[in-house]
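Here come two complexes built around subunit A, the first alongside subunit B, the second alongside subunit C.
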Partner chain A sequence: MYGWTGVILRVDLSSGAITREPTNMRDAKLFIGARGLAAKLLTDEISPRTDALSPGNKLIFAPGPLSGTFAPSMGRYDVVTKSPLTGAIAASNSGGTFGPELKFAGYDMLVIEGRAKHPSFLWINNEEVEIREAGELWGNMVPETTEMVRALTDEDARVACIGPAGEKLSLVANIMNDMHRAAGRSGVGAVMGSKNLKAIAVVGTRPIKVANPKAFEKFVKIARQKISENPVGGTGLRVYGTNVLVNILNQVGAFPTRNFKDGYFPSADKIGGESLTSNHLLRPKGCFACTISCGRVTKVVNPKYAGKGEGPEYETAWGFGADCGIDNLDAINKANYLCNELGLDTISIASTIACAMDMYTDEVISIEDTGGLEIRFGDAETMVELVRLTGLRKGFGNQLAEGSYRLAEKYGHPEYSMSVKKQEMPAYDPRGVQGIGLQYATSNRGGCHVRGYTISPEVLGTPFKMDQHATEGKADVVITFQNLGAALDSTGACLFTTFGIGADELAALLSAVTGVHYSPADFMKAGDRIWNLERQWNLKVGMTSADDSLPTRMLKDPIPTGPSRGKVNHLHEMLPEYYKLRGWDAEGIPTEEKLKELALA
Partner chain B sequence: MMIRYFAMLRDATHRSEQMWDSPVSSLGELLIALCKSYGPEFHKWVVDEKGNLGGLSIILVNGTDYRHLGGLDAHLNENDVIAIFPPVAGG
Partner chain C sequence: MPKILMIHPEKCTGCRNCMLACSYGKDGQFRPAASRIHVYTWEREGFSVPIMCQQCNDAPCTKVCPTHSMYRLPGTTLVEYDSRDCIRCRMCIQACPFGNAVFDSYTNTILKCDTCNGDPACVKMCPTSALTYDDETVSTRSRKKALATKIKDAFQEVS
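This part shows the complex of A and B:
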C-alpha cells in the first residue's frame, strides 16, 4: 500500500468497541483521501436526517495520501461530520502535525461513533488504542488539556482536543490541534463535545510508503522550487502572514465593516499585517513539512490585553477588527488567544458579536437582553469579554454560542446574520467582489472563502486578473476553484501551495506517492466528484436552491463608502450559469448524466 | 497625487505614503520614476523576471486595479490616490 495506509480505525464510544478495517481502495482512488474520502464514508453511513449532536452522527479525522510525506506544505487533515451549525456536511481543515501523526500511526481515517457514557479521551499509540476516562481534563482550556493529555500519555504525543466551548456544545466551537491550529468551521467542536470526547492523543512511528520514490523526489523538488520562487509563497506569506490582506481588501473597497454595513474601514492599517509584524510578531511558524510559514507567533505586552499565542490570521483580524468597528490590534490578538484557548471558531464568533452589535445599535436587542452589557461597535473591551462569555456559555454568551443566525432569528430579525446556510461569511465583501459572492452562495458548507478562493484572480491577480466588479466569466472560475480546492484538500495539501503550484504538480505528486496515475484532468474530475457528492448529500438533508443565496443586505444595500461605493452583489445574474456549467438542472440538482459521468450514479 | 505603499514596499521606501508633485503622464512613467528614486529594493517588487514593469505588483488607482484602466498607460491626475502592493496574498 502506497500513500494510503489501507487501514481505517473505528472507535465506538457507546460500546467501547475498537476495530480496524481495510480502506475501500475503489473509493480511495475516486475520492483521494481526507475531505473526499471521509465525505464518501460519512454519506454512505449516516442518514442525512441524523441529528448532528446525537450519537448517530460520526466524527471523522482524515489525513490525505500526501499528509506525512516530505512534499512541501502538505501535512493537513480534515474533520468531516454533519455540521450542527448548518445541517450540511462539514469538512474542517487544519494544519500542524496531528494529521501526519495519524498517518504515522497507520490510519487513513479515524472514525468516531456513538457517545461515551462519561467524559473520555482517546489514546492512539500505533496499533494500541485505548478509550480512557477524561477525569480532570474536562473543563480545561485547550493549552492545559494538551499538556495534561501529554502527561498522561506520551510527552511527544500530538493532541487534538476541544475547549470549554466544545464541551458546552457551542455551535461555533472548533477542534484545536497542536494547541494553536484549528479545524475551525461549522461547529465540529460541538460534535466532539456531544460524544463526550475531550481529546485524542496520537503517537505514530510507522513510515509512509511511496510507490515511486525517484519520481516523488523529483516532483517534490519541483514543487518546493516553484513555491519558493513565487513571491507570495516564497516571501510574502512568511514575512507578513495572511493578515497582509487587510490593506489590500480595504483599498479595493471590499473589506466588510461593522457587520457588513460598509465595505471600507478608514483605520484598517492599524490592524493589518504590517502593524502586526511591527508590533506583535515574535516569529513566523510553519506546519508539518511547510516551506511557507504563514503562521504567526505573537505577543501582546499591553497589560489590558496581555498574552502570547498564535495568530491572528487575516480573517480573525478582520472579524474582531473592522467587522466589530475595532482598530485595536492588542484587543484583536487577545480575542484570538481566547478563541484558541476556549476552542471557538474566530470567524463565526467574531461575526456573531458583530451581529449583536448591529442589533443593539438598531435597538433590536436591548440591555435587558444582553445581561446588562452595552454592546456597541468599536468597544474593544466588551468584544473581548463577549468572546470569554461565549466560550463558557455564560450570560449573553449563552446566546452568542448558537451563532449569528440563531441569535438574530430569536429576536425575529434573521436578516442581521451575515451568513450563508447559517454559517458566517468571512472577510471579503461580496458586493465589492462579485465571484466570491457566488462562491459563498454555492459553498457546500455555507459562508466560506477557502471552498473556492476566487479572490486570487478577482483581486490579487493570480494566476490571472479578472475585474472584481464584473459578473461575466465568474461562474466558470468559481467552479474551477471549487473543484481544485476539493481535490487539493483531499490530498492533504495546504491551499497556499497554489501560490506556486497547481493541478499539474499536485497530480504528479499524488501519482508518484500512490502509484495510481492521476492526470491533471483526473485530479480536477476527482474534485468535481467530491463537490457533487457533498452537494447531493446537502440536497438530501433538505437544502434547495433557495439556500444558494446571500444575506439580503448583500443583494439590496449598496456599499455606502470607499472604492466600491454603490455596489451590490448580482448573484442572480451568475447563479443560473453556475448551475448550467455544473451540469445541474435549473433547481441546482445534479442531472443523472452528470452523476454517471462522475461515477456517482 | 498621493502614493501609498504597503508590506515590503514600506521597507523599500521607509514610508507608508507620500505626496508626489512632479508631473507624470502615466502610471508607467510614475513607476519608472519610483524605481529610480528607491533603487533595487523597490525595483524587485514591481518588475517581474521578464522585465515587465508592474508585472508582479497589485497597483490601484483610486481603488481600481490599473489593469482595468488601460494598464501602464493609465493616465494619472493630481488628485489620484495610488496604492502599490508587492505580490502578497493570504486567505
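This part shows the complex of A and C:
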C-alpha cells in the first residue's frame, strides 16, 4: 500500500469495542482521504437526522495520503462529524504532528463512535489501542491535559484533546492538538465532549511508502521551489504570519469592523502582522513537513495581559480586534492564548462577543442579561473576560457558548448574528469583496473563508487579479476554488501551498505517492465530487437554497466608511449562475446528470 | 577539510523535514521513528532542537563495541557503523552519553547518523538553515560574528 495505510481504526466508546477494517480503496481513489474520504464514510454511516451531540454521531480523525511524507506543508488532517453548530457536515482542518502520527501508527482514519460511560481518553500505540478512564484529566486546560496525557502514556506521544469548552459542550468548542494547533470550526470539540472523550494520544513507528520515489522526489523539489519563490508562501507568511493581511484588507475597505457595522478600521495597523512581528514575535513555527512556517510563537509582557503561546492568526487578530472595535494587540494575544487553553474557536467566539457588543449598544440586551457586565465595543478587558467566561460556561459566558446565532435569536434578533448557516463569518467583508460573499453563502460548512479562498484573486492577485467589486465571473472562480480546496484538503495539504502551487503539482504529488494516476482534471473532479457529496448530505439534513444566504446587513446596509464606502453584496446576481455552473437546478439541488458524472448517483 | 553538522535551534521551526529526509534517504520510506536525527519540541516554549550523533573524537560507542562494528578510521571525523559484524548487543546504546545511538527492533539494526557520507540529506531539506554542514575548525564562526555584531552595534549606539 502506498500513501494510504489501507487500515481504518474504529473505536466504539459505548461498548468498548476496538476494531480494524480495510480502507475501501474504491472510495479512497474517488474521495482521496482526509476531508473527502471521511465525508464519504460519515454520510454512508449516519442518518442526516442524527442529533450531533448524541452517541449516534461519529467523530472521524483523518489524515490524507500525502500526510507523513515530505511533500511540503502537507501533513494535515481533518476532523469530520455532524456539526452541532450548523447541523451541516463539519470538516475542521488542523496541522501540527498529530495527523501524520496516526498514519505512522498505521491508520488512514480513526472513527470514534458511541459515548463512553465515564470521561475517558484513548491511547493508540501502533496496533495496541486502549480506552482508559480520564480521571484527573477532566476539567483541565489544554496544555495541562496534553502534559498529563503524556505522563500517563509516552513522553513523545502526540496528543489531541478538548479543553473545558468542549467538555461543557460549547457549540464553538474546538479540538486542539500539539498544544497550539486547532481543528477549530463548527463546534467539533463539543462532539468530542459529548462522547466523554477528553484526549487521544498516539505513538506511531510504522512506515509510509511511496509508489514512485523518483517522480515523487522530482515533484517535491518543484513544489518546494515554487512555494519558496512565491512572495507570500516563501517570505511573507514566515516574516509576518497570516496577520500580514490586516493592513491589506483594511486598505481595500473589506476589514469588518464592530460586528460588520463597518468595513474599515482606522487603527488597523496596531493589530497587524507588522506590529506583531515588532512587538510580540519570538520565532516562527512550522507544522509537520512545513516549509512555510506561518506559526507564531509570541509573548506578551504587559502584566495585564501577560502570557506566552502561539498566535494570533489573521482571523483571530481581526475577530478580537477590529470586529470588537479593539486595537490592543496585547489583549488580542491574551484572548488567543485563552482560546487555545480553553479549547475555543477564535473566529466564532470573537464574532459572538462582537454580536453581544452590538446588541448591548443597541439595547437589545441590558446589564441584567449580561450578569452585570457592560459589554461595549472597544473594551479590551471585558472582551478577554468574556472569552474566559465562555470557556468555563460561567455567567453570561454560558449564553455566548452557544454561538452568535442562538444568542441573537434568544433575544428575538437573529439579524445581529454575522453568520451563515449559524456559523460565524470570518475576516473578509462580503460587501467589499463580492466573490467571498458568494463563497460564504454557498460554503458547505457555513460562514468560512477557507472553503473557497477567492481573496487570492479578488484582493491578493494570485494567481490572477480580479476586480473585488465586480460580480461577473465570480460564480466560476468560487466554484474552482471550492473544488480545488476540497481536493487539496483531502490530500493532507495546507491551503497555503496554493501560494506557489495548484492542481497540477498536487495531482502529480498525489499520483507519485499513491501510484493511482490523477491528472489535474481528475484531481479537480475529485474536488467537485467531494463538494457535491457534502452538498447532498446537507440537503438531506433539511437545508435549502434559502440557507445559501448572507446576513441582511451584508445585502442591505452599505459600508459607511473607507475605500469600499457605499457597497453592499450582490449575492442574488451571482447565486443563480453559481447553481447553473455547478450543474444544480434553480433550487440548488444537484441534477441526476451531475451526480452520475461524479459517480455519486 | 573535515566537516561537522551544526544545529542552529534559534532557526528551527520544529517541522521535522530533517527527520523525514533522513528516514527516506536511509530506508526509502517515511518513518521518522527510524530517523538518525531527532527534533525535540517544547510546546509550551515553542522551541525546537534537532539532535544527532556528535561523532565524538573519543567515542564511548567505539570503545564498548565488542566486534568493532562501531569504529573510527584514523584521520577522519566520522564514527562508522558496519552492521555486518554487529551482534546487536546494544552496548553502544548503553554507552552513548547523548542517546544518539538507537536500536530499532522493527528493522533489527542500530541507527546512528553517518552524515550521509559527507552529504547530509537533513541539511538539504531544512527550510530555514537550522542545520548546516560546516568546516569543523571554523564551525562556530557565524555565532561569534553574531555576538560580535551585537557588541559593535552597542558601541556604535553610544558613540
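Remarks
Everything below uses one rule, namely that the second predicted complex is superposed on the first by the 601 of 601 C-alpha atoms of A that agree within 3 Å, B and C clash if a C-alpha of one lies under 4 Å from a C-alpha of the other, contacts with A are read in each partner's own complex, and residues count from 1 in each chain.
The rule is short, and it goes like this: a residue touches a chain if its C-beta (ideal position, glycine included) is under 8 Å from a C-beta of that chain, and two chains touch if they have at least 3 such contacts.
Fair warning: this is a prediction, and the values are worked out from it, not measured in the lab.
In the superposition on chain A, A:32 makes contact with neither subunit B nor subunit C.
Looking at the shared chain after the overlay, A:88 reaches neither subunit B nor subunit C.
Of the two partner chains placed around the shared chain by superposition, subunit C is the only one that A:70 touches, whereas subunit B remains out of contact.
Shared-chain residue A:449: touches subunit B; no touch with subunit C.
When the two complexes are overlaid on their common chain A, residue A:273 makes contact with subunit B while staying clear of subunit C. Look at A:179: by the touch rule set out above, it reaches subunit C but stays clear of subunit B.
With both structures placed on the common chain, the touch criterion links A:314 to subunit B but leaves subunit C unconnected. Against subunit C, in their complex, subunit A makes its touches with residues 68-70, 72, 97, 104, 143, 146, 178-180, 204-210, 213, 224, 228, 282-291, 293, 295, 297, 308-310.
Subunit A contributes residues 231-232, 235-237, 239-245, 247-248, 251-253, 269, 272-274, 294, 313-314, 449-450, 453, 455-456, 459-462, 465, 467-468, 495-496, 499, 562-564 to its touches with subunit B in the complex.
Residues 4, 6-8, 10, 16, 45, 56, 58, 60, 62-65, 67-68, 83, 85-91 of subunit B touch subunit A in their complex.
Against subunit A, the residues of subunit C that register as touching in their complex are 10, 13-17, 20-21, 23-24, 27-34, 43-48, 106, 125, 127-128.
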